[in-house]
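Naming follows writing order (A, B, C and D), and every chain is counted from residue 1.
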């Protein structure tokens, strides 16, 4: 039971075309280095899941033509505004989008984490979202005395969870700190691929101070080192988001040409800055 | 010194938080894109209201340790008393649309998405709708897509309804029983007519419509001082714009 | 929004007679000092919930006549064998027991944590437990193509969660490390009372290394310091269980007289050792 | 040197773990009260079987970081391949009783309770039943209370059934299709007759019933050496009793 330590490209090679891939949001240890490696490897037809929303990494993948469909509660670059390649793909009709709402994504992953076929969730009744989601069902709460319609959300099991960790040990345990949605994603997915800022000696699971922020190697298929692997996004208290870079991306990616130039400069070209 | 538009809106929302209401606000949650609501909660606290503010997207010292789902779990339990929602469209029944306009919705312009609105509107007992742009384009008779309904029929689980809608021109309060807004106050420079003209939906207009009460001098001092200090990390651009460059 | 720092007795006074009280198991930061204070205060008619099982602390409370009913998946002293006061109470018919099974307790608390009326759980069909639990319901899984019976467990909302933490700060945040079932209990209960080994300076929520093991003050009603507050049980890597003491208890408590003598010596008498 | 009874049981269970089976064991979970099963998993690993052992009640370095529910979540997903169950009673259909005997169950002697058995028996594909006491009191025709059934009717979600029952006298394998045990091997000193007499339920008895294969010398060296080193923290009393005082 050993978790291999891969190169970033070897890790990217583990993502099959057509895979159903869960990605954390921009503020939660999103593996952007791995996303760039995926674009370089030319992955195709991904079905992305935003947990619970999508941002910069998803917009990059959409723009690079790697995404066939997307399930998410929102796509945004935050302060930098709308996600330009998502917006363009929606206009072009080239993206199959399934709208959700944040807690429904969490609930679907928690159902998968527990191995139950569904979980209930309040709200949504009377929205225009509910009729769009033929995979959800409304039942009458069997514990209520009066009629009480409630939505059941089926479990969602991603083929892969892709996450970036602050550190990993040689056993394959990875530390994500308080961003426990990453643990939920890893638990729910069939397999988890991890990039980590650095490899630490010892066993993270045996350190009672660090263990609460650890995802056990039980869930991890492979790890690659990626220094500043969330850049231009931020990583906990280790580094902040590169707002100027994201702003520049948001402007450039408004046009196809601008996006291609960005890709050439920051994704396809060798980058001395990051360990890619 | 002139009161900035943002300060006026902050004060107006702080007034709504403290307004008499069957459900008191002890815990408010605010997202990354909402500096004015966050400042309003802090101002209400400065004025003596015992309210806890959870800033959802705080990178360091985030209020949650159960991951992103904790906010929604808290709301599901009824442990969030106040939340803020906006929309590319808001209609006269307080329905909101976060998906976009056109048929199908989003076809003419696609917005980010529903976020948590389709859940929070049901589980949080007090919602304040906030949208600075006040135009017939935003305030429409009927939204093209219901991300969250303003009211629900009996038998549908729901802890409350929108309390009010705050815009760049005025404050509307919302009567859930009648599913209808009423003009509550006019921001300086606005008239009943200017608001009526800029609003795409019908609403009630009482005989007396006061001017929106702005911030007091003490409010302004708190906003520029301790409140700025507490929120500057989360909203650096907003703070610099509204309260000026910081004395180093 | 400040969380009061109480004395142990003041904390115990916050537990009303008849309250529905969730207790962690013996290996998970069980607040035994607080339990002793409850016995001294003479609390009555508690409904205890074992999360998911019960041990030494529950046996003490049963023996001292504080417990009217108990919902749990098992009562055991572990290596020290059967819980003698539980066994005696079952024989005497003086305890109203509701049997459960471990994951059903976790599921019921998670439903409460999420504010949903129920959650599904696999298994249990064909056991003699299921017909005992008229509060559970079996429905046909609405997402299955063929008939697929599945149990729904209703949410369980304790009035109080009682937990012992390794540390607390002055804001009322408490650190429990990897024992996240304590967070679930605290999230699910209406209110949480915490004993802590010690009070630390600063804000635990603002330390990214410690925050993953923290229960936020949002859920905490009051804190009291209790050094070695889990004794004779163990606490994470801070101290181990006092096996000799528990063995001696298991032997003494086989008889009413032996239990009364134990109570007089270790619960009702002033204890120089602990901060009681 | 004589082989201890515990070493024999450990080897017998290790053989079962490695036995051909539609569901391979990659991850086994073992509770605090089960030193023999834990040692058996470690022995199977020593013999080259690629199996991960999660010790549930490890105080320091516990395998879980999602709290006590993580074991059950893993099992719910099918990520635990092997679990061990016992019982105050086990019957010929592999039903187990953890509550106690009498009518109602537990009235003559109340045991701790069901623990997770009512769930694990359904969600874990391979279960090995283990109870050292082999007497008509324990191995009964029909249990007084079903904590977990040995088999379930079609249409009831279930990933597997008990693979075998290991006692202090013998190994039974279990045929889920027929809901019936068969005598698979006799521990040294036991005969077909002694087992039949000590067993309260009926079972199949093939023509050839070998003696239970004990541990090899390599097995015993591993048990006393690296396996003890790995498990001594969790099972100090067991290790001292079976493998003798430790050379300081």
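Here is the rule we use: a contact is a pair of C-beta atoms (placed from the backbone, for glycine too) under 8 Å apart; a residue touches a chain by one contact, two chains touch by 3 or more.
These numbers were taken from a predicted model, which means no experiment stands behind them.
Compared with subunit C, the chain whose C-alpha mean position is the greatest distance off is B. Centre-to-centre separation of subunit A and subunit D, using mean CA positions: 40 Å. Here the CA centre of subunit B is 60 Å from the CA centre of subunit D. Taking each chain's centre as the mean of its C-alpha atoms, subunit A lies 29 Å from subunit B. Multi-chain contact residues, meaning those touching two or more other chains, occur in subunit B at positions 60, 62, 64-66, 72, 75-76, 123. Looking at subunit C, one finds that residues 110, 114-116, 121-122, 148, 150, 178, 180, 183, 208, 211-214, 236-237 touch two or more other chains. Looking at which chains touch one another, you get A-B, A-C, A-D, B-C, C-D.
Of all residues in subunit A, only 1, 112-116, 183, 187, 203, 205-206, 208, 211-216, 218 touch subunit D in the complex they form. Against subunit C, the residues of subunit B that register as touching in their complex are 26-27, 50-52, 54, 60-66, 72-79, 123.
Here subunit A touches subunit C in the complex through residues 107, 110, 114-122, 137, 139, 141-144, 148, 150, 152, 154, 177-178, 180, 208-214, 236-237, going by the rule given at the top. On the subunit D side of its complex with subunit C, the touching residues are 32-33, 57, 59-60, 62, 64-69, 72, 75-76, 98-99, 105-106, 110-123, 145-149, 152-153, 155-157, 237.
Per the touch definition, subunit A reaches subunit B in the complex via residues 25, 27-28, 51-53, 72-76, 78-79, 82-83, 86-87, 90-91, 99-104, 106, 110, 121-130, 146-150, 178-184, 234, 236-237, 240-241.
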